[in-house]
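Structures follow.
Shared chain: subunit A. Partners: subunit B in the first complex, subunit C in the second.
And now, the complex of A and B:
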């Protein structure tokens, strides 16, 4: 089952990624991204990273992408097809794409693909389980973990301030001009 | 490695116990069949109870006391034409109910109906649950967040305003209340020290977690009403405003699939609540009563769902949102903080 699942998920991930950039309708683009993230979660599962797979589905496919779908189905859709940006983006895209491909090729090639014919590394007990990940996050990776949470708090506060500045969260009564006309 | 082993070696297939592949297959089929039979029973129970709550009989024409009503309903729905509205996005319109049903069925696997059994029936070792994953209830939440796409795509692809508004409401509602539901379970997880549902049930042999985690239980209860789109939080399909929300344009078996997924989710949520708070299979009597106790507790939970539906009027949309974000989430966070402090201190 594992090899079959791997190929289904691998083609799903690549197909989803291609779909995101190729589809003209933004709504279908977002759906392709959902498919891509779902396939990635399956790949994580095949690598015995259960918690990561669940987090991938709950956070990315289940929360972040829901927001995308929400926004795109209100303001996007077939009426506003995506173009490729034209001009500079069109000229630069192949260069950056090629550069990324070269970096990945060197990284993969340098490993010599030695593990291909072996059974892979030995799995430590409890690998990928929530307990072990929590342990690592609170010991070895405590600083990056805290910095990331601080960054997210700043982003959330910033979003609220931006929304307030545009009077998005204030009562409608405040929006009507007053006698002084000051605003 | 036999051919069967090849198919059974898959991620998440762990049961934490030495069982033969055949035992696992048979148990899975039995659990699937039993839970599938619970769905029409729940459906009938809801209609009968609602009838009584409202001073009428409920369905009582087909079979003894109307017991065959779900069966004839399914026959009726199955024999209807599978139509697609003209301005619908056909492919997505067809696949949306499938997503709902698949994710609902997938979550059945983690509901524990009993412990592991050594030398049980026919002298075989087997488990009375589908799988026992290390990520525990996060498995159900992962599929729950995929189930959202069933509602969302169904409403979007219908090409109707009511469906669209229903699915937009479901997007906002599910995200808001998933947070509270997840946080409410963290207290239990911290007390048990594990995410695995069977381990959590095993930790409750002295005292059910509903006692020390009563606040968490209440939050989970309220949030699950919203997650399951049940009254008083059924704004997703509020009949008075949106006809039937995301499923307005659906008919026949596609509609039945949505309906079945909804009731199956209800059964699964009742099962998870039973395992997390109500002591799972623990109860008086011999060991073979374990699954019966789980089902009895699940039905107690489902009766509560029906009772609340008959009692409370639907909330307004802004009330729903502010209740979720300004009351439920802060209380859930506070519950987590207090539980964490007590767990460390004691």
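And now, the complex of A and C:
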């Protein structure tokens, strides 16, 4: 059961990722991303990370993707296929992508596959449960947890600054000079 | 998941929180929040005076609190998330000083008004908090979050001049390329964690040394991707392409802050990573970084040669300086770390002066071009002298701080058997004279009457500059003059800064050796 589920989810994840890049219609790209994230959640489940799988579904496949779908439907774009820019990026992208793929394949092939025939590491009871993750976030990873909360506040402040442009800027008070001259 | 991590899972006791040592960080975070709250009150006084004062007080308080911790024994905080040693303290002092300079430079400019006073200073303080956390971070999770905490405010601050498309372009460009750098770094960190099974720098170093992982492909890929990610942030060639566009488009006070503080934060991180976590792999990454350093020095200096915009020129010069700084990292010794820290301290002194001069020219409506510098020698001799000294320091001529800094780098390169890098450094410095002296020439040479064209317009603009340029903004003059004076004083008597750099390097290398 587990190997079958693994291969379904693994091919789903790879297929979804390929679909995001290859599909011309942004709406289908978003749907492919949903499929990719859902497959990842299944993989997390197979790794006994139940909490992570649930969070992945709720946050990414749920909230973030709904946001993407909204953006695509509001901004449109379904009738204009995405343009990949062409030119030098188009010619160079496969070279760099291929090089990175080769390096990663060597790295994973050389050491990542050692555990293929084993049962994996021993897991203690309750591994990956919300309670244990909560414990970790408030003990060993207290500082990262707090930084993350502060980071969200800062990001909100930044969004407010940038959103101000949409509301329309106030006229320049002429007694103060600008930081950028006539150039 | 390691055994160590799993043990913690069982024992869910709350860790001790060392509030006293954490105080400077808490003051920065509190200062950012307080700045936001204060700026909510309406009124010109609050926006123009009170908000900057609150932000500056926060920075000053944090500066003092960090300075008190200088020369204290190293301390691990919050279950090993942070390590407050002299390296962290010296870098934090440097970053906070750069932020203080940036607040003064931005004080009466348009960016603060455009972005909103409270938001601008709050983001600046958050960026400082992220950087100080980064240089003190002791495990990969803290590292990444601290990196994001300083990157995200900077993306917004680069685009904060909402009326100017160049600024928005700069913000978007920095966001995209910066995110690419972050993702590369994160990918690398994941590989490092996968190979070593731990997130703490010390544990990673131990795992590599004892676990016979030196040939582990997974680990090497992780280290490579991590270093590339940091190189993006530190604008080391060939990952520097964003630097000129972002530096040129960003509001000038932010450019001044970024050029010094981002460099300090990323090099602090680089010293910690290479000196502690990746030290057992020295023979793998050192030749790689040595090549990067040489390429960076050449690319930066060649790129700066033909630039008409001073901000672009300083961006390329910043790339070249990143190459010089990398030499101290490559040699991997206490001597190298000291040279890098000393050069960063000097870099603060020599780099903020030119930005103060550029801002005064921009506010006079002359832009940041080389043409805007014409006549500066006659209109504002004090500014022109400061700029001249800063340029000579950046080029590294004798009796200036830049010369001493380069001398220490060369010393460390030869001591670390990378003499060819010292040769590249000297060649690069010789090349750099060409573009630094071009600025000096533009300021002091009498413009040829024919070539200026439109003589009436030039005269009118020049007249406006005399009254409205430097004279109206004494704080810009003060910064330019102080920076120039400090460059000379440190050039003649480098001992105080050298002591700081020695403390920083020793606090750190006593641990790894």
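As a convention for this text, the second predicted complex is superposed on the first by the 153 of 183 C-alpha atoms of A that agree within 3 Å, B and C clash if a C-alpha of one lies under 4 Å from a C-alpha of the other, contacts with A are read in each partner's own complex, and residues count from 1 in each chain.
Rule of thumb we're sticking to: a residue touches a chain if its C-beta (ideal position, glycine included) is under 8 Å from a C-beta of that chain, and two chains touch if they have at least 3 such contacts.
Since the model is a prediction, treat every value here as computed from it, not as a measurement.
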| item | value |
| --- | --- |
| Contacts of A:147 with subunit B and subunit C, given as first, second, both or neither | second |
| Subunit B versus subunit C as contact partner of A:34, first or second or both or neither | first |
| Touched partner set for A:118, first subunit B, second subunit C, both or neither | neither |
| Most subunit A residues touched (candidates subunit B, subunit C) | C |
| Partner chain in contact with A:110 - subunit B first, subunit C second, else both or neither | second |
| First (subunit B), second (subunit C), both or neither touched by A:139 | second |
| First, second, both or neither for A:61, with subunit B first and subunit C second | first |
| Overlap of the subunit B and subunit C footprints on subunit A, listed as residue numbers | 126 |
| Touching residues (chain side subunit A, partner subunit C) in the complex | 103-104, 106-112, 121, 124, 126-127, 132, 135-136, 138-144, 147-148, 150-151, 153-155, 157-158, 160-162, 164-165, 169, 172-173, 176-183 |
| Complex contacts: residues of subunit B adjacent to subunit A | 6-12, 92, 133-135, 138-139, 141-146, 148-149, 152-153, 156, 164, 167-168, 171-172, 174-175, 178, 194-195 |
| Interfacial residue positions of subunit C with respect to subunit A in the complex | 1, 5-6, 8-10, 12-15, 17, 29, 32-33, 36, 77-79, 81-82, 106, 108-111, 113-116, 119-120, 122-123, 126, 129-130, 133, 141-142, 145-146, 148-149, 152-153, 155-156, 159-164, 166-168, 191, 194-195, 216-221, 224, 251-253, 309, 359, 361-369, 372, 468 |
| Complex contacts: residues of subunit A adjacent to subunit B | 1-2, 5, 27, 31, 34, 38, 41, 45-46, 48, 50-51, 53-55, 57-58, 61-63, 66-67, 69-70, 73-74, 126, 128-131 |
